[in-house]
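Down below are the structures I want you to see.
What follows is chain A paired twice: with chain B in the first complex and chain C in the second.
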Partner chain A sequence: MRNTLRQVSRSANFMIGFVTVMLILLMVGIYPLFNPGSPLDMIGLGTFFKPGTYISMYDAVETATAYTLRIDDAAAKRVAAKLPMADRESMKRWLIAYGIAEDAIHTDDLNDLLNLWNNTYDESARPAGLTSAFRKSVARIDAALEGLLEPLDVRVYTTSPETGETRETARIKDNQFINVSEVVNTRRLWLGTDNFGRDAFKELLAATGVSLKIGLIAGVIATALGLMLGLLSGFVGGIVDDIIMFFANLFTVIPGFVLLILISYSIGQEQRGATVVAAVIGCTSWVWTTRSVRAQTLSLRNRDHVNLSRLSGHTLPRILVTDILPYIASYVVMALILQICSGILAEAQLSMLGLGPKTTETPTLGLMMFWGMTYAAHQNGAWWAYFPVILMIALVSFSMNLMNTGLDQVFNPQLRS
Partner chain B sequence: MPDIMMNGAAGRDHVGELCLSGKGVTKVYGMGARRTVAVDHVDFEFRKGEVISIVGESGSGKTTLVKMLLALTSVTEGDIYFMGGKRDITTRQKKHDYWRGIQAIFQDPFSSYNIFHKIDAVLLDCINMRGGKGFSKEKKTEMMSEACKFVNLEFKELTNKYPFELSGGQMQRLMIARIFLLQPRILLADEPTSMIDACSRATILDMLLNLRAEIGMTIIFVTHDIGLAYYVSDTVYIMERGRFVEFGGADDVILRPSAEYTRRLIQDVPKIHEPWDFTKRSPRAVLT
Partner chain C sequence: MKGYKRYFLKKVFWFVVTLVAAVILNFTLPRLMPSDPIATITRRVTEGMNNQNAVMQIYREYARKFGTDQPMWKQFFIYIGNLLRGDMGVSFQQYPRKVSDIVASSVVWTIALQLPAILVGWMVGNLLGALAAYIRKGFDKVLVPISLFVSGLPAFGLAVTLLVIFGITLKWLPISGGYSYDLLPSFSWKFIKSVIAHYQMPFWSVVLIAIGGQAIGMRSMSIYELNADYVKYSRFLGVKDRKVVGYVFRNAMLPQVTGLALSIGTMIGGALVAETIFSYPGLGSTIMSGITSADYPLISGVTLIITVMVLTMSFIIEMLYGVIDPRVKAAQSE
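Let's turn to the complex of A and B:
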């Protein structure tokens, strides 16, 4: 036993997979401690906020101290942000049409461009070859340019609720800065928010936890059922074998996923919690475990040590548990890992079809994808609402398969290097 | 192997009443196109205290017969009689009682042990089976030490060890120690020496025959080695394709064989002082 564990721990494949799964589990467990509250709280009023740090504007003005920093390119950056490249190209196009030589226009040098523009632009001019829609859009750009180079102070006014008197409470200059750590309310949304305005990162971790739980329940049920039926079928043989194999063949012929859809549908939305879905997945995926355990048991049951155990008067359960099970234990562990992995995938598939666990109570990886798809996250360019989910599913199943490959290399003498 | 001959010869004086016999015992595997008759209506009478050999080549049905005798597989047709009455293994308890009277040693000592259990477990099982479940730990250890001593093993060196830490010969000797503890009336030895090196082979046979002298049991050797059968047994049964083609006293069968199959088996035994002569073998034997 100890020797086997040592061999397993030396397998690079297994350890990479194992550490990855453990890290995921660790994050799932620890993150809620730093960021308490339900992962399904709709904190954002609006859909698909971009990932980033969100700072309370109110608190920034009210509570944080203002520091004056002289930063040379601050103004340039501000102007650049207000005047995107597309607008500058529009300006350039107007200027060329107006008769300025193309060499004299530098869209990269903002000061130069603005000087040229302010000296040249005439709203009433009608350069040839420009549509009136384009002229109007250029006029809008021109209006926005006002005061761009000489920024005005931003004034903050408050109205006293008692006297109704309005007075200036803050005046913010263009070179004033605040220290983000001094702002009372900031929120880091690593993956922005989803369509409901939930913190997508927090939701992703909670969903991973639930999905792993579903996978574990489904895997344990499928493996336990498969193991029990396989052992009985292989060891007892005869009519028991025939009956079990009849059902196993039946389940093999009917595509498992169709069965899963039908059962999930017939259970109904109300009863379909995460555990129920996990149980349904488990009960439909025992077949191949049964078949392979049966095959292994068949080859073991005529071994001398089993015969000797029978001659010693041991009961059937005892023979199965002490003389057969230890020999196929490594195989069963591998089957369990694969079943957990396929349980997670089956839940994702079901949820994508809207037949997964009941919505609005628990997030699962499949449900997050379902929401992302239903609310057209992919069309809105909100990659953060679905891509990390895909990545997480891939990571979990990849690392579990890696663990399995590692175990196979340890237990399968033909693959041992 | 002078010891073995002496022991074998000594046993021949104590032939007593019937202990295990069968009438029309048949085993059929599969059905339809895959129907195979492994054992075909065999009759046999094994007497108390005898050493009996069942000789045949691979696939002749020896192992199937052994399994039926051990109640490890069902009998398709025919009856087996045990200790004067028809064998009754209908309930678990009756089967358990039957196994107290008949035990086995198998061919491959390496696969006879559960590799996950320590050696002590095998011997403790035997003590429990003989009703020693309530014995004190000291008493059990003493019994195990005695059994190990009988087969020239030191219990102190074996305790807490796993089977893979033993040699093949040691494993097979421990199997005999198991029989020593169980003290069955009949021992079925299914090629007990075929996987053992030649030096250990004599020791193992010697121990088995000593054990018979000690506890007065019947030994049924199942083997493909007709030479070994001649050395150790009183009665020899020759089995070919599921049937007994010849049986009788060892001297009668081996020295004056009547069946063609027996003659071939005897011819195929290599002789140390003669050159190996292929021409003497039957055409079929050469082909196989």
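Let's turn to the complex of A and C:
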């Protein structure tokens, strides 16, 4: 036993996979300690907020101390943020039509472009080749530009609740800064929010936890059922074997996916919790394990030590556990890992069809994906709502497959290179 | 010839048995559950009505129409009788369209998409796996992790990734549907071109996943075979390397054929979900719309068709297997 463990721990494949899974588990376990609260809280009023740090505007103006910093390119950056590349291209097009040489216009150098623009632009001019709609859009850009480089102070007014009198409480200059660490209310949304306004990163970790749990429950049920039926059918033989193999043959050909759909649909949305879905997945995927365990038991049942055990009058469960199980234990562990992995995938696929666990109770990777797709996150450019989910599923199943490859190489020396 | 005959008869027998079992499951599973579909429909139809008598009347009318007031065994025979006539009931959602019509129009798309995709993926995967086992070294080191990663991906995950890269960012390919919205199905050049463009992404997402899974299996099989005694013996005899590789490939291939028969259900399941990402007009999108609108006859019709599809495909593969593997004959005549 110890020797096997040592061998396994020397397999690079296994260790990489194992460490990755452990790291994911650690993150799932630890993150809620730093960021308590339900992962299903809809903190954002709106859909698909971008990832980033959110700072309370109110607190920034009201409570934080203002510091004056001299930063030369602050103004240029401010203008750049308000003047997207498309607008600059429009300006360039107008200037070219007006008769400026193309290489004299630099859309990258904002100061240069604005100087040139302010010197040449004339709203009444009608350069040839431009539609009136385009001229109007350029006029709008020009209007927006005014005052950008020499900004006016932002004034904050407050209305007193008692007297109803409105007076100026703050005046913010363009070179004033606040220190983010002094602002009381900030929220770091690593992956923004999803369509419900939930913190997507927090939800992702919680969902990973639930999905792993679903995979584990499904895997344990499937492996336990498969192991039991396989041992029985292989060792006892006769009519027991016939009956078990009849059902095993039946369910190898009838796709488990269809059974899953039918059962999940029949259970109904209300009864579908994460555990129920896991149990259903487990109960529909025992066939593989049964077949392989049976095949291996068949090859073991006439070994001398098994016959000796039988002659000694040991009971059936005892023979199975002490004489047969140790020989197939390595295989069972590998089957369990595969079953966990396919359990996670099965949940995700079911959820994608709208047959997953109840959304209001638990987040799962499949449900996150389902809602992301339902709200067309991929068409809105909200990559944070679906891509980390795919990546997480891929990472989990990749590291589990890697663990299995490692185990395979340990137990089947032929595969070692 | 006797051995083959027994093999085929056995397979035909199992095909019929599983088909019957699938039909029984399709019939009983939903009926075993506590939820009453007729009550659900009645609730939907009578929303806002507060005359209890009228609601009861409507409930009874529906129960009579769908035959749920009959005893279970009678319902079963009605169901079978209807199935034999190709009648799977009427869709709730697209009333009064027949389920069989809807299923018939979507099953064509699914077969046209998945059959070639799975076959191409299977062939390419096997080739790559065999190459990896034969060459080892660098190629093996690159192929194995990639295949492991791809085969672990859910098909819909790969589908979304392809969609975002090629459909939305690069705008090379259309992102949804089986053909352009502004066209009607016809045998015109324009329509065919549109179908081919829409076909690309769903096709490749299925193919890539299949390649990953098959390559890994084939690689392990080939490595086993390369270490087998007959290979060593042939090498001692000085048989040409190419010829040995040919034998190895053939022998490693056989389990892969059975493997395809057994895993085709899982593959189709994954691919059906990938279909929904592209709103491809196949069975995947149909069953999803059935689920979201609680269209019970549609769901049961689609699941039945999927089962029949999978059963037939694995039946055909097993038939072929009987022909290509002479050991089957030997095993049966023992």
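We adopt the following convention: the second predicted complex is superposed on the first by the 412 of 417 C-alpha atoms of A that agree within 3 Å, B and C clash if a C-alpha of one lies under 4 Å from a C-alpha of the other, contacts with A are read in each partner's own complex, and residues count from 1 in each chain.
The rule we apply is simple: a residue touches a chain if its C-beta (ideal position, glycine included) is under 8 Å from a C-beta of that chain, and two chains touch if they have at least 3 such contacts.
Being a predicted model, the structure only gives us computed values, none of them experimental.
Enquirer: Taking chain A as the common reference, can chain B and chain C both be placed on it without clashing, or not? Answer clash or fit.
Expert: With chain A as the common anchor, chain B and chain C both fit in the superposed model.
Enquirer: Taking the superposition as given, does A:322 touch the first partner, chain B, the second, chain C, both, or neither?
Expert: Once the two structures are laid over each other on A, A:322 reaches chain B alone.
Enquirer: Look at A:277 in the shared chain and tell me whether it touches chain B only, chain C only, both, or neither; answer first, second, both or neither.
Expert: Neither partner.
Enquirer: Once both structures sit on top of one another, what is the angle chain B-chain A-chain C taken between CA centres, to the nearest 10 degrees?
Expert: Spelled out: centre of chain A as vertex, angle of 60 degrees.
Enquirer: Counting residues of chain A touched by each partner, does chain B or chain C come out ahead?
Expert: C
Enquirer: State whether A:304 touches chain B only (first), chain C only (second), both chains, or neither.
Expert: first
Enquirer: Please work out whether A:313 is in contact with chain B alone, chain C alone, both, or neither, and reply first, second, both or neither.
Expert: Touch partner of A:313: chain B, not chain C.
Enquirer: Is A:385 touching anything from chain B or chain C once the two structures are fitted on A? First, second, both or neither.
Expert: neither
Enquirer: Considering only C-alpha atoms, give the closest distance between chain B and chain C in the superposition, rounded to the nearest Å.
Expert: Minimum over all C-alpha pairs of chain B and chain C: 5 Å.
Enquirer: Once the two structures are fitted together, what part of chain A is touched by chain B and by chain C alike?
Expert: Correct list for chain A: none, the interfaces share no residue.
Enquirer: For the complex, which residues does chain A have touching chain C?
Expert: 249-250, 252-259, 261-263, 265-268, 341, 345, 348-349, 352-355, 369, 373, 378-379, 381, 383, 386-387, 390, 393-394, 397-398, 400-402, 405, 408, 414-415, 417
Enquirer: Can you name the residues of chain B that touch chain A in the complex?
Expert: Of all residues in chain B, those touching chain A are 67, 70, 72, 92, 95-96, 99, 103-104, 106-108, 111-117, 125-126, 129.
Enquirer: Taking the complex as given, what residues does chain C use to touch chain A?
Expert: Residues 14, 17-18, 21-22, 25-26, 29-30, 32-35, 136, 140, 144-145, 148-149, 151-154, 156-157, 160-161, 163-164, 168, 175, 220, 223-224, 227, 262, 265-266, 268-270, 272-273, 276-277, 284, 287-288, 291-292, 296, 299-300, 303, 306-307, 310-311, 314 of chain C touch chain A in their complex.
Enquirer: Considering only the defined contacts, which chain A positions touch chain B in the complex?
Expert: Where chain A meets chain B, its residues are 303-305, 307-315, 322-323, 326-327.
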